[in-house]
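We just call them A, B, C and D in the order they show up, numbering each chain from 1.
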Amino acid sequence: MKKLAAGIDIGGTNTAFGLVDREGNMYAEAVVPTTDFPDLDDYIQELYITIEKMLKTAGPDVELAGVGIGAPNANYYNGTIENAANLMWKGVIPIVERMKRFYPQLPVIVTNDANAATIGEMIYGGARGMKDFIVVTLGTGVGSGFVSGGRLIYGHDSFAGELGHTIVKAHGRQCGCGRKGCLETYASATGIKRTVYKLVADEIAPSSFRDVPFSKMTAEMVTKAALEGDPLAIQAFEYTGEMLGLAIANAVAITSPEAVFLFGGLAKAGKYIFEPTKRHMEANLLYNYQNKVKLLPSAIDDKNAAILGASALVWESLGEV
Amino acid sequence: MKKLAAGIDIGGTNTAFGLVDREGNMYAEAVVPTTDFPDLDDYIQELYITIEKMLKTAGPDVELAGVGIGAPNANYYNGTIENAANLMWKGVIPIVERMKRFYPQLPVIVTNDANAATIGEMIYGGARGMKDFIVVTLGTGVGSGFVSGGRLIYGHDSFAGELGHTIVKAHGRQCGCGRKGCLETYASATGIKRTVYKLVADEIAPSSFRDVPFSKMTAEMVTKAALEGDPLAIQAFEYTGEMLGLAIANAVAITSPEAVFLFGGLAKAGKYIFEPTKRHMEANLLYNYQNKVKLLPSAIDDKNAAILGASALVWESLGEV
Amino acid sequence: MKKLAAGIDIGGTNTAFGLVDREGNMYAEAVVPTTDFPDLDDYIQELYITIEKMLKTAGPDVELAGVGIGAPNANYYNGTIENAANLMWKGVIPIVERMKRFYPQLPVIVTNDANAATIGEMIYGGARGMKDFIVVTLGTGVGSGFVSGGRLIYGHDSFAGELGHTIVKAHGRQCGCGRKGCLETYASATGIKRTVYKLVADEIAPSSFRDVPFSKMTAEMVTKAALEGDPLAIQAFEYTGEMLGLAIANAVAITSPEAVFLFGGLAKAGKYIFEPTKRHMEANLLYNYQNKVKLLPSAIDDKNAAILGASALVWESLGEV
Amino acid sequence: MKKLAAGIDIGGTNTAFGLVDREGNMYAEAVVPTTDFPDLDDYIQELYITIEKMLKTAGPDVELAGVGIGAPNANYYNGTIENAANLMWKGVIPIVERMKRFYPQLPVIVTNDANAATIGEMIYGGARGMKDFIVVTLGTGVGSGFVSGGRLIYGHDSFAGELGHTIVKAHGRQCGCGRKGCLETYASATGIKRTVYKLVADEIAPSSFRDVPFSKMTAEMVTKAALEGDPLAIQAFEYTGEMLGLAIANAVAITSPEAVFLFGGLAKAGKYIFEPTKRHMEANLLYNYQNKVKLLPSAIDDKNAAILGASALVWESLGEV
């Protein structure tokens, strides 16, 4: 019997499912519109039904090993989703307890997206065999997961790992969280757009971005412009690397990881983001960490990353790491 | 016989003329395309011909008192225009000597635009009767003229009065002059656009400017947006006033003027520019200057300001001040 | 039989010993001059001899549970002391392996001082029962230990936990480590002296410190002066708290601890250090951490802290936590 | 008949007198304790008596050309000393009018010390023949005098020329004037002491100043230490030059002088102050001022400078320049 873990990625619009084996091979997939289920009971039942359907699809010789769920505002300890702004169901949702009614013998785990990505990296990706590493997700915001001694750092309340909300510049940019100078305001997809605008203000070099309004700009455009030699785009990556490199160096001084993985949109910019980030990371590292910490692209950063990450929670909970 | 001064404003595209009496009344006007005269001799002759035509237009009982010329890169002492990037004639142009051939008995004076505006303010405008004042022109760039003891400060080489190129922020914005942090990069029409972009980068408040590319933005749009309550536009004026107020306060500590006049595009923004500039000027003034220096809009800031300023050079040279 | 752990604190000048029970009671103590033993073999033997002497002193019904050692530059994983500048023996010292020859059946552990203090806090002190907390030692330098999920974070190379060398101010004060802006340059005993001098430079308020040369100033004098109302001393604690509070807030975002303990000289300044540090920590915390993290004085911060910390390593290794 | 000008330097402790010819030769000197004359009438009479005594001493063929007075808080236009904190006589002292009672036919002029030093430089010193220059006095505070077109810039209220209170660093050091970041807090004798303390805080390089309390330090000690290679002393001059060079560059952009003279204690440090000031001045100058403005030591900076400066006011008022 082939053991498969169900990975569920709960988003405000869609819920994506996959059945994944210990090596990260996908045996079945499904998508359900989250918004079709305003009633939580209906939604939970749909999760169960979809898993069962996928098991049938996957064939006769498979067996469910457990259910892993990635969701916004997830509390790993309590197995709950708490006051998620993007979901319809308000308050605290005891998602693990509800799923357990269907699978009382199996592990059911919930955690947030960045943590799921981190476990995914450890189970299937570039961090296989590592016991101390960091995953930084550079998307609309900046998320992160820290693994120390082979275990994810959850903290006393399950909300550890907010590298995106460490302050890299006192009195810096206004963050959506209400404070100023968070890494997220510099090193996210939105952050690099803000940096391009800062450079339009500070510099007089010609740039295609002088013709682009903020609302139409994307991080991909910045990568493309860098590729074409736009001086402001190249400088924007330099500045992003300066901020990200500093934040990572400070994180390294706390958990001393073997490697740091960059995941998500901005990480796709390749050398444009890795080169300055690496350089500024090294420049800000204490001597005994220098030239030791690998800065790597995530090895599972594809369209199924969220499902894979969620499914990995099952293997990790089974100690099969 | 009514005495009239000829005022000539030499620009890269057009040359504008006026005949003006001691009170600032215009008796005749003319415009000639500068670019029609690639040969300097032809151009000088055209200046003469145009002045003579205007004198005829102005009537029988008028008499020319002298010729005042406002031009870029003018050297007051030498009566020359030196290496002006926007004009066709290269090198050093001895414009005063050449005009003197036509009017050997009359005063012929050349100076730069900001100085001409300053003399205009003194002869016809809000500085009448003042012996110590400053005029700051807030246009595409920032120019200035300083009057001390009733005389314009020309300095030993005729190039004094560059408030726009005093440095208000060390390592600040890149200026077209090659240095960083010049007042001009903050307090000009371009400067406030740069500030709006800086604020789009620093802040998350909604703003109409998130939809406007830099190349399409104008200083007038910032004023209009401020009027409509756009938070970034209001903040942009606040920041402009912070930089301009500091630069003016430092200038006051040097020449202790009775008043500072703001002239040009940004000065049209009224309270939006005057209120924060005044507040920051006072906050940065040494106690014995506080609450003494008037911050005023120019009284001759209209479409004929350049011609009026140039003509005023004549009355000033005749000592009729 | 009463089980006792030997705690050994290896310093450049002296080596201090204690026999400690599970509750932190001291049954015997000893001190040996480190410098008396230039030969490492002699030194190791002396460690053994001293432990055995103490066991006799402690009485007939005691039994050694293991040996815990706190030492500079200790590598926990390898059981070594590596290139410690303050010790006579050069290179890598395999201290655990050598002690194991005397106690092959017992746990022998070595780690650095800050980690030992952290384990001490967990076993005997204010962190009993906590699984997620941080200890920050504010001495000549700034050390730290992070406990996550009940285990100390050692990192992949045993050198994790250098909060003192996270950079809190880009291009800030020169640190002995060769970089600039490390927390240690602000929040250590030397750091607050530097801050007093910075304030003498920045401010004109009267202060007793205008009569004190840097080489004669101590952190205790700053506390005393604050108590007497010296404005610069009070401001120095405010600034120290600003820097320390920021660094702690950033660390909280990574490990989400239940509490942060301050230990060492500066921590003795009581409200002068705790009040501003707490205030700035809260101001820099992401909202979901605010008003949750306790900032506490260490409960074992006395003259025997180093021995206690070292002995605690034994209980921790035995899983008796 | 040799014409001689009386120069009087009024200080809080002593009043110094001299009789000086047009070339700056001293024919007689005297000193009177200012504090001996709490009654203003007595003091004025003593000024007269002392001048007359000196005239007798100077010989039979001399004639008084006028009286020049340097005094704190002097108002040149009104001929008054206004609310000088260091003098016994409170309120507004009409010193010119009172002296005129004794010398109704002669010029009597009062101005402040920095202006007197500036006129002295023009009449007897390095600025002979110059029409546009600046004198900066680097003493306990920073004073300055600006000459434009051969005339001192007094401003509309006689209080122009406060370069020491232009702000060179926003939110910088607290100044005695109540504001922050004035040049005086960086480039005066006290300023460089403050800079040494700042460097003790920022740097870890060894320095003799780590053993010197602020209250015992002097600017001369900094010069001496620089001479001996003390790295912090050399860095202190570098930083002083950075601030002074910036302030001078900004002043040059306003009055475009031929030369800037440094006078007073710090100016005695020779290359230590001139080299970095010159370098930073050039780096901050607009291109059309670069490599044109001379930075020179005052040529009359000796013990009689104040008397000479005061006497020079007479020659300047007589138009004998």
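Here, contacts are C-beta pairs under 8 Å (C-beta built on N, C-alpha and C of every residue); 3 or more make two chains touch, one makes a residue touch a chain.
Quantities reported herein were computed from a predicted structural model and do not represent experimental measurements.
A.B. asks: So if I look at the partners of chain C and the partners of chain D, which chains show up in both lists?
C.D. replies: Expected: no chain.
A.B. asks: Would you mind checking which chain's C-alpha centre is most distant from the centre of chain D?
C.D. replies: When every chain centre is compared against chain D, the largest gap points to A.
A.B. asks: Shared interface numbers for chain A and chain B above half of all numbers used, same, or below, different?
C.D. replies: Here the answer is same, because the shared fraction of interface numbers exceeds one half.
A.B. asks: Provide the C-alpha centroid distance between chain A and chain C, rounded to the nearest whole angstrom.
C.D. replies: About 34 Å separates the centre of chain A from that of chain C.
A.B. asks: Counting only Cα atoms for the centres, state how far chain A is from chain B in Å.
C.D. replies: 55
A.B. asks: Report the inter-chain centroid distance for chain A and chain D in whole angstrom, where each centroid is the mean of the CA atoms.
C.D. replies: Each chain's C-alpha centroid was found; their separation is 65 Å.
A.B. asks: I need the residues of chain C touching at least two other chains; which ones are they?
C.D. replies: Not one residue of chain C touches more than one other chain, so the list is empty.
A.B. asks: Who touches whom among the chains?
C.D. replies: Chains touch in the following pairs: A-B, A-C, B-D, C-D.
A.B. asks: Write out the stretch or stretches of chain B touching chain D in their complex.
C.D. replies: Per the touch definition, chain B meets chain D at residues 130-133, 146, 148-149, 151, 153-163, 165-167, 169-170, 177-179, 246, 249-251, 253-258, 284, 286-289, 292.
A.B. asks: Spell out the residues on chain D that touch chain C in their complex, using ranges where they run on.
C.D. replies: Contacts found on chain D: 172-176, 194-195, 197-198, 200-205, 209-216.
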